[in-house]
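The structures come next, written out as structure tokens.
Two complexes follow with chain A in common, the first pairing it with chain B and the second with chain C.
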Partner chain A sequence: MKYLLFLMTLWSAITSAQAPVTSADFEEQTISIALTQEPPQLNSMKATDQVSNFILPHIMEGLVRYDRRGRIVPGVAYKWEIDPDGMGATFWLRENALWSDGKPVTANDFVFAWRTTLAPETASEYAFILFPIKNAEAANKGKAKLTDIGVTAIDDYTIRVELERPTAYFIKLTAFATYFPVREDFFNSRGDSYAADAQDLLFNGPFRLTEWVHSASLKMEKNETYWDKEKITLNEINAAYITEDSRARLNLFIDGKIVHTRLDGETYKDALTQKQRIRSFSTGSIFFLEYNHRAGRITDNLNLRRAIQHTFDSDKFVNNVLATPGNLAAESLFPVWLQGVDDKFRKEYPAEVAVVNKGLAAEYLAKAKSELGIEEFPALILLSGNTPTATKQAEYLQGLLKSRLGLDIKIDKQTFKQRLAKMTSGDFDFVLAGWGPDFDDIMTFGDLFASWNLNNRGRYSNPDYDEQVRIALNNVDPKTRMEAMAKLQKIIHDDAVILPMYEQGVIYLMNSKVRGVVRRVVGPDPDYTYSRVIK
Partner chain B sequence: MNQSYKPTKEDFQPAAKSVRAEQISRPSLSYWQDAWRRLKKNTRALISLYIIIGLALFTLAGPFLWNVDPALQDLNQISQAPSWPKQAILVDPYQRWGGIVLDNFPAEPDDYLDIIPAPTNLRVVDVATTKRVRITWDPVVGAGGYSVYRNQRAPETINDLGLPLGVTDGGNEVSFEDRLNLEQREYFYSIVPTDGFDESDTYITLVVLPDLAITMSEARERNLLAQDTKLGDSIAIEFHPFGTDYLGRDMLARLMEGAQVSLFIGIFAPLLFVLFGIIYGGFAGYFGGQFDSLLMRFADFVVALPFLLFMILFKIAFGIGPGESGVMPMLLALVLLGWPSTARLVRGQVLQIRENAFIEAARLLGAKDHYLIIRHIIPNTMGVILVTLTFAVPSAIFTEAFLSFIGMGVAPPTPSWGSMCNEGVKTMLSHPHELFFPALFISITVLAFNLLGDGLTEALDSRMRSKE
Partner chain C sequence: MLAYTLKRLLAGIVTVWFIATATFTAMHMVPGDPLMNDKAVSAEIRANLERKYGLDKSAPEQYVIFMKNMLSGDFGISFTQQNRQVNDIIRDHFPVSATLGIMAIFFATIGGVLWGALTALYRNRLPDIIIMFLVILGISVPSFVFAALGQLLLVNINSLFGASIIPVAGWGTLSHMLMPSMVLGLGTMALLTRLMRSSMLEIVNEDYIRTARAKGLSPSRIFFRHQLRNAILPVITVLGPQIAAITTGGFVVELVFAIPGLGRYFVQAVQQLDYTVIMGTTVFYGAFLVLMVILVDILYGFIDPRVRLS
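Let's look at the complex of A and B:
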């Protein structure tokens, strides 16, 4: 699943329960923040939105977690072992991991949570993230019993997981919110109202949710029963405001009411004039021009795609068209932050970049014309979002393809939902699309254009590509997997499957009194768990 | 005692003949001649008329005189303010820069210091051009990396450093290359050392004024090269008297092209629906009775029809897909749904005028219906009509702007004044000219039509004749 890769600016009333005096208090070690939206509910088994995925890892903890540097470190499990054949894993749980009511977190809590998530009647949209577990997919589709799912509690503090196939990144998956534990007796006692309010939820994370005034505010306080509480300095995270309006949030920040706000194209210039210290961060998402590969489409023609590949200069695009700091020119489907064997993947396997060459592009275009048997290309439809940034990008491409290749492009501006519907039905020639990572493994991007992936909306289908994905899926040896991904990277380039445009960066403001806040590509972002307020 | 007058013979002599008993003191003027004469006396109206003629020339003849492609993008000159012609230096094509990484300095600090001192000796490497600015500095002990900021004015505090351009990931990576949308202006670069996570509170700032540069291949592509120009030479780059927009497109050419759409919609739609409204309202008002109520109820019905819905229906009926211009359905929708207001006003006027005594008199003298309508009624409603017309022009221009904004009007890259305004608003603070010019043109057009309308009202009002 992808994040909602778009920004909405709606005017919504700013509400505050009790406006704190300062956003960051050194004496009390408290901070205040603003949420963009209220979480629909905080049921870890069902959460899909970004706000829930920000709050949940603060108040709950899975078998493993991310540390300050984004590495996987022990969470509830103090150690784990992967079978040599990669077909299973065993986790040993620490006995001092407690729920907020003082009872220990046991293996059964994980088994219960995973089974419930996969139960068809739960209808969890993120159930697919559990699919590497044996029989999980079948159980989710109602073809296997929940008890057949490959997870068992050997005793209270040992979990045994059988996998459907070797999954190299399974450990990383267990840091994800859907893998968090849920205690059966508590869940049953709350029934439908589970996780709908602060007292309808049990916590085992660094913080506990103590107050939830609906559509107004949330408050998280340090969890005194957390096993690793010595590492937690912050006493309170007060989500005192909920507003989607970026300008309102900027004003709150300037007034010292909140410690963090994200800036957009409209607000960053105000922040500059207000003399605010702007920071930037790479979100790890990649944006690209996706072609419609369905048979009969003009864009199914490889030479046309190559002509475009030799026309578009992502470097120029990022510096002059996007023109906000933090964005990187994209060279591949894989962003630069992905880990390879020993170093970053892109350092080990540099992506091939097509040179911008007018003559070469014209050659490919002529080839495409003769292959298609046409004199002139018909007008092609470029599907785009309706935000100002998306419109600007679409207009740039339109002008570029017209002046360099003589292609007529019609821009079809649509809302996010409508764009997704049109992408699914194949009602486009090109689309400005993006993809954000779900977990910290190259496969979160790698299988995107596999013929079976429903998010492959251009319906690209190539047995070689599928083969490389299978190799990477079914092996645990990093070298073999990365080799396969490198081949896949080459296929994407040679076959011009997509036109990589940019790796997204965002700019934001952060109160300089708050230190140790981690910006994450995967996992909660921003992560205040290890942060502290300085004098 | 009646004493009557006794006529004398002289009384019966013919009076002295006056030769010039009846002389036409002024030349005979037709109604329109008279109106024109009075319009000419009205300076404001006359200036407005000239402005409108000027706008027509700007729209129709302008593109031939200023022969620039309005859709041509120039990434070297994005969002340029209006200026005199500029010179740029010819430079090599961009080469990737490895940067400067010191071998004799640790990448990660041995010890995390509370305060890391600011780096020193911040300087420019090579020549700073608008293609790239390369800076380097001396490393400081305790740094695990550096953050690079850029501002357009001298920073006053640590919070005023400007845009965060990027970070380097090691204490020994002491260089940075900035290529982010550089213009020919002063930039203040600041370097803040970090311990690898958090930034220190110290910084150093350097002022850089990059030279405007263009690469050989870009210049060749744009036909800016003369025979004997070589690297390092200055060449004149494209001149944009009104500046450029957010994709480096020439504003003047876009204004001219946009005028075609805006004035077409802004003038034709009101003319057509006002004309129809006059006829419709005139009929209803003049004949009155059952016929009138029938016509007016139909007008009420049309008022109730939603404009946007019709616009969408017409768009579908015309077979206009996404990304295609919706100007024709817009015109049709405006005309079909815009006339009732004029019709109502004209009807009201006609109802009032036809009861006037002079109409009765004319009728008694044998005037026919058509003569009455043309000679007496229409000229008397002219004031109302012109007011409606002059108000309809801006509202049509704004409707077009709104529809273009929601993607139902002109399709990019075709501009219209309205869509240019919508784009310009987004960068109002940083690049005001992108909003100012289209807004100015809309304002001038609207003002000119209003003043001319005022003048025409006075000139055409036959009652004004007697007041002179």
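Let's look at the complex of A and C:
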């Protein structure tokens, strides 16, 4: 009898394993997803990573937001006006935009958030995205007072912004998480633990974070105080699992526990054998081989870079080395999705592509040798990450450059932090690098190799390049800007500043009952805001 | 006994101090920059970050500050989760790892002792050969293979029944814990089986067993009272460090089964060069390991009176 009782308790303990939850519930309009990692930072003023930037726009809202088709639409601001000279903007806020505690979102909440982000002691890594605002950069460097920053609350529902220079894409910037509002009294009441837990945050977005079990799960429920709640169909987004392991996520998907999972080279094959419907999407990021242009480096030699340019075939690379769907051969620093004047930039200004030509490459190589005054090239260092994908790419390049050009390449495989440290100090000849967009304007890529850009780790420096960047920065006329960018695109090609390799694609599985999920190049991705579950 | 315990505790404290110092030194010698991220930051922001984490001071100064804070039980704020205390991380996630570890040890000990005894009884016969083959498998195959296989098995079971019988990942209820703890315990179970087998074999030929048999005791009484109790001692010796190893070494299992344990923080902190979390978790785990070893030594005295005498 005693044993029976024990067994019964045990069994009930086992089966109390919650009511069976499906990943997409039509009746309840709930979905379950998995995150790759715990969001490291849900303080919108300091968030830098992908997971946080996926969560934040679901639970908060800036002056403007993206709609289903990626266009800018009103958010907290119901209208805005840009000065004719592009040197300022005025935003009018809706009065029915509320925080989750019922108080209205006011102009001061934006002013406070922007000032706090720029305060040097906040040490926000994304402060740079506010730099188009007048005195923002100076304040961030401690050379101007926070109150001198060009943002003022004219009244509770009107914001006036003065800009440092005419910024054509300023409105688009205000959709970014760093521009989200933060309420001063709430922020101060939480002190250092602001955004550390669900109750340490206030929400003004379509959803509110109701539960956050660290490293285990996050639950987002429909925000009943959201001004546009009629457009939101989902009642709950349950991030029920957090794991980096892509195979575990695939298993969860197959088991019907999550609605979406991203695949990698390995799980892709499994998903194929499982006859899953594989979808692909271009992330909008570009990956390239970055040369070290510092004086004295062999890779500073233009003819060597040209020889490599005429050796590498990005089509072949994408199809044979990456060998998963979705990736595109890269031809320029600018990915194909960027908008030009009337059409896509790359349609209006096609990039020049170097043909693969053994003879030409050999010629350039010979020239490089005589310029450098050497018989043989010393071994060159290719810095790479330590992931399997990075290793595969590095080894391919090593083989290619050896067999075609006779160059000896030493692969320097490093952990993430050490690779960054070496990139910054210039301890490499080539490095496998990439760049993703922060906002929806060509400038998010364009100024990357400007001599003053700290992310220009190869220290490329060219007054002509800088000049084109300045033209595009200081003008609002689309034609003038795009022409400057087209010239810049040509400089990158002629000067072989980088070797574009591929535009990144991701492959993923999505539960077919979930509709209206938006994949975005800029902004939260995937965006479940307007999604719904069908029968 | 009290003097002995105190002596052991004192030695334990010195050990932990040594672990902390060695980790601190090693961590600062690892190449890479903990404050660097994808986006480069200006010199001013960099200086602010350094000041926030005290990295603007020299290494010896940092060491002194760290030791002072550690003595007051404060490990500081995480570098990657800039609003979370390392203490909170340990408090939130160690219980999860510990639960998983205790379940795993439970599986491993029951299984190890039983299989080990069984193999000894059936020495060189079929059950022995089969079990010893599995033991070698269990010792040599790394846990991530078992974890992946175990999870796949659950997926297949669920799809066979067309319903979610056992969750394939996650944490919360007992059913979540079964597969991961079995997977985590496999290696230890194999180790204990081998240990148990050899110690059983030694004892089978002891005089007191022969005496027991001659007294006419029933085989089951001999097995449980005389053989098992004596053979289990070496198992208990390794159990202490094994408990510590299992509760700390569950990184892969935690990752595959999406379990919010401390093991993930422990490993990811090293990858991310998250100084404060590295120090916090290492010192914590170090102290835990030392404590387990001391506990086992004391426990030993209770189980085997001979130890107490010496």
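For this structure, a couple of remarks:
One rule holds in what follows: the second predicted complex is superposed on the first by the 514 of 535 C-alpha atoms of A that agree within 3 Å, B and C clash if a C-alpha of one lies under 4 Å from a C-alpha of the other, contacts with A are read in each partner's own complex, and residues count from 1 in each chain.
The rule we apply is simple: contacts are C-beta pairs under 8 Å (C-beta built on N, C-alpha and C of every residue); 3 or more make two chains touch, one makes a residue touch a chain.
Keep in mind the model is a prediction, meaning the values are calculated, not measured.
On the superposed chain A, the positions of chain B and chain C stay apart, so the two partners fit side by side.
In the superposed pair of complexes, A:Ala323 makes contact with chain B only, with no contact to chain C.
In the superposed model, A:Leu454 lies in contact with chain C only, and not with chain B. When the two complexes are overlaid on their common chain A, residue A:Thr529 makes contact with neither chain B nor chain C.
Contacts of A:Thr30 after superposition on the shared chain: neither chain B nor chain C is touched. Contact with chain C, but none with chain B, is seen for A:Ala195 once the two complexes are overlaid on the shared chain.
By the document's definition of touching, neither partner reaches A:Ser285: not chain B, not chain C.
Contacts of A:Thr243 after superposition on the shared chain: chain C is touched, whereas chain B is not.
Counting the residues of chain A that each partner touches, chain B and chain C differ, and the larger count belongs to C. Within the superposed three-chain model, A:Asp255 lies in touch with chain C and out of touch with chain B [touch as defined at top].
For the overlaid pair of complexes, the smallest distance between C-alpha atoms of chain B and those of chain C rounds to 12 Å.
Within chain A, the residues touching chain B in one complex and chain C in the other are 414. Only residues 31-34, 36-42, 44-45, 48-49, 52, 77, 80-84, 88-89, 92-93, 148, 151-152, 154-155, 158-159, 163-164, 166-176, 178, 255-261, 264-265, 271-273 of chain C touch chain A when the two sit together in their complex. The residues of chain A lying in touch with chain C in their complex are 13-18, 20, 34, 38, 40-41, 43, 46, 48, 120-128, 140-142, 192-196, 200, 213-216, 240-245, 247-248, 251-252, 254-257, 414-418, 420-421, 424, 454-455, 457. Contacts from chain A toward chain B in the complex involve residues 68, 265-266, 268-270, 272-273, 275-280, 315-316, 319-321, 323, 325-326, 358, 379, 381-382, 386, 388, 391-392, 394-396, 398-400, 402-403, 409-414, 507, 512, 515-516. By the touch criterion given at the top, residues 71-73, 75, 78, 94, 151, 156-166, 179-181, 197-199, 201, 221, 246-247, 249, 321-324, 407, 411-413, 426, 429-430 of chain B touch chain A in their complex.
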